[in-house]
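Following this message is one structure expressed as structure tokens.
Every chain is named by a letter (A, B, C and D) in the order it is written, and numbering of its residues begins at 1.
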Amino acid sequence: MAIRFGLLGAGRIGKVHAKAVTGDAQAKLVAVADAMPAAAQAIADQYGCEVRTIEAIEAAGDIDAVVICTPTDTHADLIERFVKAGKAVFCEKPIDLSLARVKACLEVVRAHKGTLMVGFNRRFDPHFRAVRAEIDKGTVGEVEMVVITSRDPGAPPVDYIKRSGGIFRDMTIHDFDMARFLLGEEISEVVATAAVLVDPAIGVAGDFDSVQVLLKTASGKQAMISNSRRATYGYDQRIEVHGSKGAVSAENQRPVSIEVATGAGYTRPPLHDFFMTRYTEAYAAEIATFIAAMAGTGKAEPTGEDGLVALALADAAVKSVAEGRVVKLSEVM
Amino acid sequence: MAIRFGLLGAGRIGKVHAKAVTGDAQAKLVAVADAMPAAAQAIADQYGCEVRTIEAIEAAGDIDAVVICTPTDTHADLIERFVKAGKAVFCEKPIDLSLARVKACLEVVRAHKGTLMVGFNRRFDPHFRAVRAEIDKGTVGEVEMVVITSRDPGAPPVDYIKRSGGIFRDMTIHDFDMARFLLGEEISEVVATAAVLVDPAIGVAGDFDSVQVLLKTASGKQAMISNSRRATYGYDQRIEVHGSKGAVSAENQRPVSIEVATGAGYTRPPLHDFFMTRYTEAYAAEIATFIAAMAGTGKAEPTGEDGLVALALADAAVKSVAEGRVVKLSEVM
Amino acid sequence: MAIRFGLLGAGRIGKVHAKAVTGDAQAKLVAVADAMPAAAQAIADQYGCEVRTIEAIEAAGDIDAVVICTPTDTHADLIERFVKAGKAVFCEKPIDLSLARVKACLEVVRAHKGTLMVGFNRRFDPHFRAVRAEIDKGTVGEVEMVVITSRDPGAPPVDYIKRSGGIFRDMTIHDFDMARFLLGEEISEVVATAAVLVDPAIGVAGDFDSVQVLLKTASGKQAMISNSRRATYGYDQRIEVHGSKGAVSAENQRPVSIEVATGAGYTRPPLHDFFMTRYTEAYAAEIATFIAAMAGTGKAEPTGEDGLVALALADAAVKSVAEGRVVKLSEVM
Amino acid sequence: MAIRFGLLGAGRIGKVHAKAVTGDAQAKLVAVADAMPAAAQAIADQYGCEVRTIEAIEAAGDIDAVVICTPTDTHADLIERFVKAGKAVFCEKPIDLSLARVKACLEVVRAHKGTLMVGFNRRFDPHFRAVRAEIDKGTVGEVEMVVITSRDPGAPPVDYIKRSGGIFRDMTIHDFDMARFLLGEEISEVVATAAVLVDPAIGVAGDFDSVQVLLKTASGKQAMISNSRRATYGYDQRIEVHGSKGAVSAENQRPVSIEVATGAGYTRPPLHDFFMTRYTEAYAAEIATFIAAMAGTGKAEPTGEDGLVALALADAAVKSVAEGRVVKLSEVM
């Protein structure tokens, strides 16, 4: 029997998940809730589901699982409410911007033996997944060094940055999770450098727009991350893993892969414009994994614990920049 | 209001089109017909449409258009019946293996001012389409020479080849259409060489499995095609256009684009395994174009005439191999 | 002891060979001859050898081998003279533009048991050589289809074309040799199409500037060649071999291999500007092979016979275009 | 008139420079010195120069410049002696492993108004040079972030590491210089992480074999470096520059650039095996630059000062690893 879903939040990412749920033969979208009735109605119209309140979904007997796509500051509360209501929960990252709040929330999940999966979509990108599969197969031997490049086409509004927790907690957090996914061993040390080069207003808001991070595990595996809030050539998303027997990498993706040759040289088109087009397949695979987990044929990973550690790494990076030193993860956890 | 569809044929390609029609907000799949009731029922179940007979669809007042995915030898008859019934028709290629039959069919379409679009899916591949867009923009200047490589991962059963009209009419026909799409001028001359290298049984059946074709237009534009029924590395589909100001090409596509580096070198995975995965986007865009044409916002192209000319080029290639000479298209049309 | 060389012809390609001979520890450049004394003197000054007449080199006791880089219409006579004088001969292609004259010349070489190597430089390109090595290793299985793309950055002066024997004998001849090098079996059939698209004056001179050729061996191996006298993006030189177990290709080379990414896309610089820079390594390896052959550690290949067959293929292509049909090599040999 | 050279040191790198000097029309190799007479004699035989003692070269009236390729611990002394003797000096990096000794040496050079160029060969690689040229042209706008990957095919003997000053001073030093070359602004801060993953004996010797470095300038430009003493796929040498208007990168180079396609995927050969083959063109261009500088048509750069700063960055990295913190360059200079 199909898993019955409620969707909380009908914004941009909510629409992505609505499409993924309705496109999966093992799932059925039963209801959608949003503070903006028109947004919820649009999804209801397109996919033939009901508009309900969050409370109604919480109390519903015909809903097995929810996908939380509401604003960040509601995530932890909603996770707790729906876990208590006995629903499986898929929540967009982050769980919360406060490590203490995340820990408390995960305590509630554990206490209720709830299912919580956190939306680190990049783990489900087929190319990144294939990189991980090569590691698992032993192709590159022992993982030694990881290089992650992640650059956004443009900076978000300063208002967003103020709410987002800053570049390390909102953007680099994906790379922290990816580093963990690839290193296969917990990170113990973090050091970062940071600058404001793209938009001075970001600096005024107390944040950075161009950052570099080094990570290290207890056994000496290392990773480095390069982030910028600017990339004129599209959404730059690359990973590279170097190991004792070889290396494996995933290059950038572009929507159209032609090449034009003229006297000016050989030109390929720019990359995808941002995550909605770049990670289309990843979003679908992510929800499929959650559904499979509920159907008993997979694991609901990344977990709440993965969300917690990624946030802690972000906190450590913030501290490292402030104090000009290597910060141990144990200092912030 | 949505365009209402009937689907004739519920096999592999019928399923592809059923998904495309139901995924398009401007269209609605009303009914499906197939000689195998179970096949039709499976589609009806998945997409919530009715199972009907072909006759019922022909007579239906609630159907505006049909998609013909039945066996080749039924295409021309069905096109005529549904055009006479006032339905717009999308038909998988080819219209028929006999040039005379195709001409008679197109006469009926014209007489009834019918709408007929033929399924040369490759024109809708986003990469090939982008190649054509560069030509239209003038990036490469006047088109001078086209190179098309098309190799199947493996040979079809000899039974299929006997029914298919042979390699030129079943496989190269796509490349003939692509050459016309890219040259932008009618082809006037054809010459080909052919051999049996993959499967001797194909030779026994009177066909070839490895062929090369040269094409030329009246003004001297030229194209060349390399076809093989074998490619160990996947479905090899490349086009390249050389013009007075530059060149543009579309490289092969692979489902996963990672690269592994070891002492043995740098390795990327094989290509897509065949057309169903390689041309997923093309199939969707093809039906979207047909729907748009009916909605008045596009053209139902490639037309029946395009289907006719591609078949005539195949006939000319067969004749060229038999007679060891350049054959003018006017000799066979 | 070093092989002692005389150089006949001190033009552009003569300089290339002078550098190759003097850079080889097993060889010594003793003398140079040229109708233009200044040209000969320049080489003599740079490499510390003597200027002599052709007659003096012919009679010299201190010269073991000659490199012939004089105008084409002197090649056959000089080959005969120097073979008779007991010198090993390396001659730039072609031996002559007349098949009858080439045959007569090779007869003289055979009669005197002379050593004659012909300058098809591309066989010595490290990348093309590596392609051939993969074939020899069996990586691609039985060779089935070869695709050769060869485009010059610009058309030569019409005066040159009049003397050169036309595009098939002066430009495609390299591709005919390359096809033989890769197919590993003699070509039995040739068919070509041709047009004038680049420079009408070339058409007035009775030649073509854009040609396509199909080749076939007795067992059904096939090759196709695309040639143009124009390529805005540099010297386009690619080969591709498709076999029963796989394929192998050599891509274009560029002097600088960076990539610039901007909003306009990802751009790599144009290719090499022409053969002098593209085939630098090939020219050096070619002369090293000739020297090695004389030192008894290699073969003086390609031979005069290779030069003969390549010219015959060109003659067959000319005939094919004139008569609009497949021409057997046996018709022209 | 040609610049007359003395070569000090006839080992591996001495031979490279001997070839470069003798191949340059503006230079003449007059004499070579080496503690091993046979090594000096071999170069003298091949290039027709004399074997002399260092003292004789120092006193010679027929020598304008020297190339120092002797062991590292003799560099500073030889620079001082030859600058005092009025010769222009090209010295292999590093000048010395002690910052104080380097400073003293540069003081002597300045006092005698000597010419000193230091051998950071990578600045002369045509691809890296082209990257810098794009920066200079403004293609990428303001440089913001640099990523340098540098991995050796294998670890050197532990004996070498003991003498070399360790990975930061012997290997990363090239990347420090490259970062300065590309950033176009002095680096003010350094932080590094380091591990022993390749060879435990390296750890026993007090060094690391896998390191990561972050660099930052006063204005916030940043760079990151990934180094390993191991790379199974060849000599991994890449740079990438990200700026306000775009990015530019130089990919790895391989001696043979073919691609083999089979059921196992698409494979290109490994990279160059090490610096001698990878940087052939760079070594020649480096000496040509030194010669041009003496001929008054160029600059003798990188200078002794460049050598000093690169060493200071290495010292800062060592200190950063030891103290787990960001180190300012001013702390070590």
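Here is the rule we go by: a contact is a pair of C-beta atoms (placed from the backbone, for glycine too) under 8 Å apart; a residue touches a chain by one contact, two chains touch by 3 or more.
Because the structure is a prediction, the values reported are computed rather than measured.
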Pair with more cross-chain C-beta pairs in contact, given C-D and A-D: A-D
Chain separated most widely from chain A, comparing mean CA positions: C
Computed distance of Cα centres, chain C from chain A, in Å: 57
Rounded Å distance between chain A and chain D, as computed from the means of their C-alpha atoms: 41
Residue numbers of chain A (touch at least two other chains): 232-233, 245-247, 261-263, 269
Complex contact set, residues of chain D against chain B: 232-233, 261-270
Touch list for chain A against partner chain B, complex: 25, 46, 126-127, 130-131, 134, 139-140, 245-251, 253, 255-263, 269
Chain B-touching residues of chain C, taken from the complex the two chains share: 142, 144-145, 147, 149, 151, 189, 191-193, 195-198, 210, 212, 214, 216, 220-222, 224, 226, 228, 230-233, 236, 242, 244-247, 324-326
